[in-house]
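Alright, structures below, take your time with them.
You will see two complexes here that share chain A, one where it goes with chain B and one where it goes with chain C.
The block that comes next holds the complex of A and B.
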């Protein structure tokens, strides 16, 4: 979830410290914590083609009904303090990046299908060899102080991120060979190799900062200035209390649908939803817990917007530790897990059972032929055939003389995952595998599973509950990072999975820009993952958001990512 | 608490405690279901099949509450035993050896007493990791100072008594004096301290587990409350059958211990 996971867990401890009376205190363990999201997002293949003249932005000439009424002051509770909210100080991937995107712009933007579309840039012409991207900028984009946003700002921003390391922005711009700005509205970016993920990973993700403000800044982490070009201006920030944004009436894509956006920071979920019920707030960046969805849907004065979520929950094996290093053993484990039951029990049915090949079934790249099988008897037969039987009659099978008794690590602050771990342990008992569930605090779990967030540093666990945030799933080409055995590419291959077949496919994917060929490769990779099962995909939780439609009804659901995005505040605009 | 002279509150406390202990011991027979088994749909309301409804994954809440007595009482008793054993040892040594050792030990006691109790406990629980045994050790390590101080005071009184001076004059060694003359004099006090420590240990266990710092895979009353809070029982109205019963059980056990430790002589039991 965050770019600085260590800070988050410290903060949680701090939170607890601040609660004076033990029993009166309400901590916030309900929120699913995604492990640190590896630096960048990559692009779906369709974006790789040179974009032709973009469809013109539907400027808000058709006046929305709300515009005639009183100026709207919208109160949207958020769950984290994002400090001074500039590109070097915001904290979390969600909702921090989303809040940042209200103030800053990117050259491309993810549309409601989470596909990159032109935004500040009107198009991206790619050279035949895939190396040179020529971007044309709009000429009517202005910074909040009235200065025009030009190609010089883009060049400056990307070079600034190259020079000043940041967990999310530096990686996508690091290998750029050159950035040129021949005139005010043209940017020419030369890459060292064709990169099909360029539009999502860089153009739609990395914010542009104003050169006239940032020039000369040497320590960006302490620089306090959130002047951007986005639909909102950051008017006020009270640490640990609230953010107040005011609309940018001259925004190039149209006037924002609300005049003022007040974002109180409320960390405790119960408090947030109680405030939403009572009308103290009108919406929240926090997803609605499954058990509350029916209740908010039943309330005629509230509305719930739902859709598939791309955040994943999975059972990760240590693929280097026997007997879990054998694909057949992992297959047996997967066969004994009823993912439908997990979704029905833990998410009350509000989710999609895992596709063993990783991709969300709603993903256009997904091969519908790949699906999970639940068959306990076959799981037993599989283990019997391997010779892993219960030789000493204690109900637990032995593999090479050792009982099959893995420790399943689970994040102690994530009740849903603990429940799932308990259910999996019960399912494993059926097939003679004795699972011990061990709940651990986030930092100590990460130290065993993904030390220093660097897969090159090895691993020390049997099984663990894990999950990746939406950006890893949005770009199907990013599947390579999950399975490539080369640590340079398999940056989130935390199980140490190693397969020559998968490596060959990912190598091809890296250089393939033809969308059809990409789909074919992704599907082959899906089939490989579904067969070898370096991890068992458990579920993709649906995203549900409740809000008060009487105050503001412009919320737009962005595929896999939710409603808190720039487009939700720009009525009638389709990128 | 003075043996042989039980007050009415003492008797009431003992009866309540006995009832809770019986419930914990006989949980298998009393509870309608295995609390680990999913016997209903998630979030079922109370009904004939599940008197207190079901929790977020369809386990019977009544059975959870009954089995919870086991973990909660076990933690309470063991943590209190550790706390009082430590406290008694330190109190005895500090009271008897009033030289350098006594000074050092009492400064240590002062130090532990002034450390803010709740935050230290939360930190220790967070960094030692989540297990029942860690919880017991944490509670024991943080709560021993009070008994130590009370017991030292009593030891000081006793060592000035004539029978101790006489024993010393006759050449008895410190170990013998402690074992035969001092310890019997503080045993009932240690017992009273144990009862007090047990009730606060149960409360602390519930608090830490509720905050998610216990072992979330163990069914203690605090853990039941943790899931109730995490799954929004306070918003959905489920708190009536999901939060109140474990809450009342915590209250009952704390009350039971407090009543057992109740004494008409304030000096004996108060800290």
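The block that comes next holds the complex of A and C.
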């Protein structure tokens, strides 16, 4: 054997190594997707619950005539493969749920301000005790096969989600006491307790599925049927390649603005925007990176639609680990971070610096009196007063004999956050805190910060860069989930923050349905968060979308969420 | 000879078992688990009991040895399991991706080998002179280019600035081409990823071919062939090439096998629906069955490639044949 040119055993060792090398290589940084930040359900609530039948929808007759009579075939790249796109198989909150909403309808819809408004239901009459919701349905809504959509379908759908576990809808519908359908256009839903989030979290979020199609389905995850009632029919799906939707000309809210919607699946961000530049696609569900905005704005053949984004980026402390368990220490850290500079440097100014109380300043619930302070000297004084000084002259303060030297975890696939983490580390050096930035692959990082996505399982980190998707902001009442110390309510309190004051406020929020009282409670909670700083809100990145207006320019920006929504395809319709 | 084959077979089976075991263990050794995938987007609101029930639905609540036993058992009957992410049998997913990877990686490696071999011969012929130095420099230059960067550059220049080629995909999906039009469409989409692959991978073959040719060119029998009055071409193709071919074939077989999983970056940049991209996403999502299935397939392909190379050697080089005979005789 030794006479052979290549030793077999060596090759075979190589084979073994290859497998492990591949694995290692694959977990290297660079993946385009966001780390696990479960987009929780749409929420909230607001108080804008319509208690009376609102004015009817603008109808198709009020739609301004489109510039061209040619049927439009629009190509919008999607960033994810949402598999067979029915309620049990779509994958991501965004853009998966949004794509789903093109095919299926909900009883309410979020308007351009992300407030719930009547849609298939024309109104929601709430009983005085807040428990019984009587919904009236439109009588002109039809499934894609021509059958009428009736209250029986609504009852069936809600009960189906109760019986067949669904990550997003089972929890909100589980505790419904009863759903009745006394006639074809009336649905009566009885709740066990008043629920301020009901219109947003249920009515505007839960898709109605046709009873005559889904009846008898026992394994919804493998059921392949996307027959809905929405503005588009799913005509074709080629895994990993594309979706083709065709307009539903009989849609109750009016004929969609495009005849055909083609959605190629392009996961690589660079490729998506190259395809947009070359004209192969006309728009994309992916928002522009800040450095691309100027380029697309300068192109006369493309247009950019921008607005505030509700997705958050924050510096999360482990509130259980000394010395970060002390509010004064966290305050000192926050005082030394210049969030304006972070937005200017990392986002090229295309964002809003963080409100220390959590809510986006554009959120109507936000208390304008709450704002961040940047004061390095005060930060130092605060630490000096705690007795955390640099006793051994190495430039790093000691707290209880231990150097103040946290490890700051950051998602390796997110260059913006890595940049911010480095800037924060530099700022901390100023006040005598030695931060080590450690970039880790998303799932590995989450396993430390939020093991099994279950805050009851504890945490093992000092500081981490983190963020929550838009729905957590849309419903201001969901603030409670960030800070409640009871793991049943504080489902995303990943820092283990504990405050009797915050708990008392969240307990009240859970049962308050009066809009004015809600705002007052939310503002008190904001003040508590801004004072205790379980995390430092760093920024809310603006959302920028580029598209080719010559092909279609009906895009509608939905507050905090972007342009890929049902309303963008229904010109002239205002819910 | 029979004993030799038996011994080889044993070796390959051992390698297969070891790889299968690593394929099982490595994904599970990574921090994190596929819970987010199983639970869907609202994983945060699940209760601990719901989480555990979810893990139990795919058998991940069982102890490792039990999971391992079940995994081996299923593998023996050709059952690769179900993808957590895609709700589909792994085998179905792999088979739908395999043709694209075969097309891209297979064509790419063949072209890269031909280019490397040709340039290697050209360089060896003028060893030490300006032409050789230039080619050597170019090869090292291309070797050092990152594939994703080359791909992005090609897209920027040949798909956006001068829109000659498409920026993404393997076909124009909704065009529904057939026959010749389909073949042209596939070739059109293949051009840029293929060019990228050839650019970044020909230099390995080039360097091996060049140095093998140089070694052979210095052998006495080449001098003798020249002395016999054979033409340059005859010397090169009949005597030199054949002797220099062995290491090139070895490199080709190994490259080809590695290309199945290794075209990940190119597949990503061009949104090409191949195996590499699939593995990458499965790692991020901790989709264990897909990882196990894909790595198993790659292991098998590498072993088959090795067997093929082993079988080719004696045919390419009579000396190997003799050595094998002697080894058997001695045993």
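Following the convention adopted for this analysis, the second predicted complex is superposed on the first by the 519 of 575 C-alpha atoms of A that agree within 3 Å, B and C clash if a C-alpha of one lies under 4 Å from a C-alpha of the other, contacts with A are read in each partner's own complex, and residues count from 1 in each chain.
Note that in this section a contact is a pair of C-beta atoms (placed from the backbone, for glycine too) under 8 Å apart; a residue touches a chain by one contact, two chains touch by 3 or more.
Bear in mind the structure is a predicted one, so any value in this text is a computation, not a measurement.
*Asks:* Thinking of the overlay built on chain A, is A:270 touched by chain B (first), by chain C (second), by both, or by neither?
*Replies:* Once the two structures are laid over each other on A, A:270 reaches both partners.
*Asks:* See if chain A has more residues touched by chain B or by chain C, and give me that chain.
*Replies:* Here the partner covering more residues of chain A is C.
*Asks:* Between chain B (first) and chain C (second), which does A:127 come into contact with in this model arrangement: first, second, both, or neither?
*Replies:* A:127: touches no partner chain.
*Asks:* Quick one: is A:326 in contact with chain B, with chain C, with both, or with neither? Answer first, second, both or neither.
*Replies:* Neither partner.
*Asks:* Touching A:166 in the superposition: chain B (first), chain C (second), both, neither?
*Replies:* After superposition on chain A, A:166 lies in contact with chain C alone.
*Asks:* A:190 in the overlay: touching chain B, chain C, both, or neither? Say first, second, both or neither.
*Replies:* neither
*Asks:* Pick one for A:295: touches chain B only (first), chain C only (second), both, or neither.
*Replies:* In the superposed model, A:295 contacts chain B only, not chain C.
*Asks:* Check the residue A:418 against both partner chains and state whether it touches chain B (first), chain C (second), both, or neither.
*Replies:* A:418: touches chain B, not chain C.
*Asks:* Could you tell me if A:444 is touching chain B, chain C, both of them or neither one (first, second, both, neither)?
*Replies:* It touches chain B and chain C both.
*Asks:* By the touch definition at the top of the document, which applies to A:89: first (chain B), second (chain C), both, or neither?
*Replies:* A:89 sits against chain C, while chain B stays out of touch.
*Asks:* Which parts of chain A are touched by chain B and by chain C alike?
*Replies:* Of chain A, residues 16, 19-20, 22-23, 25-27, 270, 274, 277, 441, 444 contact chain B in one complex and chain C in the other.
*Asks:* Flag every residue of chain C that touches chain A in the complex, lowest number first.
*Replies:* 8, 11-12, 15, 18-19, 22-23, 26-27, 30-33, 35-36, 39-46, 48, 50-51, 85-87, 96-97, 152, 155-156, 159-160, 163, 166-171, 173-174, 246-247, 250, 254, 258, 261-262, 264, 268-271, 273, 279-280, 283-286, 291, 295, 298-299, 302-303, 306, 310, 313, 320, 323, 327
*Asks:* Quick check: in the complex, which residue numbers of chain A touch chain C?
*Replies:* 1, 3-6, 8-9, 11-12, 14-16, 18-20, 22-23, 25-27, 31, 33, 36, 38-41, 83, 89, 91-93, 96, 165-168, 171, 221-222, 236, 238-242, 244, 262, 264-268, 270-272, 274-275, 277-280, 441-444, 446-448, 452-454, 456, 481, 491-492
*Asks:* So in the complex, the part of chain A that touches chain B is made up of which residues?
*Replies:* 13, 16-17, 19-23, 25-27, 29-30, 269-270, 273-274, 277, 289, 291-292, 295, 345-346, 348, 412-413, 415, 418-419, 421-423, 426, 437-441, 444
*Asks:* Spell out the residues on chain B that touch chain A in their complex, using ranges where they run on.
*Replies:* 36, 38, 42-43, 56-58, 118-119, 122-123, 126-127, 129-130, 203-204, 206-208, 210-213, 215-217, 226-227, 229-232, 234-236
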